[in-house]
């Protein structure tokens, strides 16, 4: 299975008074990886500019080890499931230096019309690209 | 089952360019409700000051309808499961005005020693209070 | 001079690894006070919904003492200067319990057309309300 | 005058319902540039780990043009003033593609003992590095 990997260095503002990354920020790291994945696929416009947007309907994260200020994180994204109107991304976050798995999770996004907020099919241009990353193609 | 409810008004900074609340912020709203729950139980010190801290090991949210700037949210917290070393909070977020359910989810927190980050029993003072809110008491 | 005051309790996510509130969050507290000020004046619609928006053109904060998790903050807003197309809010943040001044600053907002982003006069409905708070009325 | 430059791509979460970057986030971009500056100088440990920390005492930003989702920003940091116990960084944020200046500002940080929060001299190891970037050396 093909995956997409990117790096992110933990910023001071990502931490909290427990001196570790705040749990909510892992979801922001997931999203950053998704943004870079779209950039990598040449699909950046779809993340905000066009009439179809992909809001999240589910998000999950399991926290295994803390991330700390200045840690270099490797974020791995896989397309776990691709349906006609939704896509499920899987994420794993590693400490790049120690190779430890810090967190894993997933996000389900549904394609919706920006104006009506009704679900619509994922645009074909995106489907074509995501397919090359997805082991479970259920779009047909 | 007893639950704890609090209110939160969506701030401008909580929104994103889709003009709805960013999905990661629902987890912050969950935590704010938890903080006010501890405040309500007279347990605020446990959320940061003492030697036992309660980091999250799992977080999940299902998004049903968007929340928008200035929406008044009602956040309902229940103690879904109480174990010796962990607690699972359930959350429901409603639009106070329309009574619509916008999101639901849960967070599992584990008691750990602040210095060693090893799991330890949830302090008895907390257990006693949480019990009164929990339908599934597995602490014994 | 009339001022507007509101309360805000510091959330865990507001803190950073120095175990104090991250400096950028004071600007968010300023904005929250402004939102509640508009709410108080019955002008909430102007903060996002209408065709005129009020983006910031300047922001300044001086940090005097740290704020910590769960501190109850009192945020005081004054309308320091009101011009045809801009308004300058002054802010003071106090620790409610100790009455210490933690931070002070200001924000200048300019009225712009949402679509063209060109400066326009502050809508009369807002001017009328702000005037009652402002010692330096330069709108005429 | 020598400056330090770094790049940052605007993430979805950085934006707000005006579909531009929230004003508070420019301060986070300033700080990210500072972190990478310290990394570049081999001084990362000083940003969090050691007994001397450098909290902010002043922060200012002037907003000239909006930044939007996925814009690639170039952040330029200069050491505007170096004193015995404080340093003032200047920042300019450009749109990398259009070369437009979007925002400029500064942050003053004071060296303090982590435990007492009293001001102390900036550690010599940092002073030596900052000097090479600073036109106004007032440390002597």
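A, B, C and D label the chains in the order they appear, each numbered from 1.
The rule is short, and it goes like this: contacts are C-beta pairs under 8 Å (C-beta built on N, C-alpha and C of every residue); 3 or more make two chains touch, one makes a residue touch a chain.
Note that the structure is predicted; figures quoted are calculated from it, not measured.
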| item | value |
| --- | --- |
| Between B-C and A-C, the pair with more C-beta contacts | B-C |
| Identity of the chain that, by mean CA position, is farthest from chain B | D |
| Distance between the centres, which are taken as Cα means, of chain C and chain B, whole angstrom | 28 |
| Euclidean distance of C-alpha centroids - chain A vs chain B, Å | 23 |
| Between chain C and chain A, distance of the C-alpha-averaged centres to the nearest whole Å | 34 |
| For chain A, residues that touch 2 or more chains besides their own | 12-13, 17, 20, 24, 28, 31, 48, 69 |
| Sites on chain A touched by chain B in the complex | 17-18, 20, 23-25, 27-28, 31, 48, 53, 55-64, 66, 107, 114, 117 |
| Chain C - residues contacting chain A, complex | 12-13, 15-17, 19-20, 22, 24, 68-69 |
| Residue numbers on chain B that touch chain C, as the complex places them | 9, 11-13, 15, 28, 31-32, 35, 39, 44, 47-49, 69-70 |
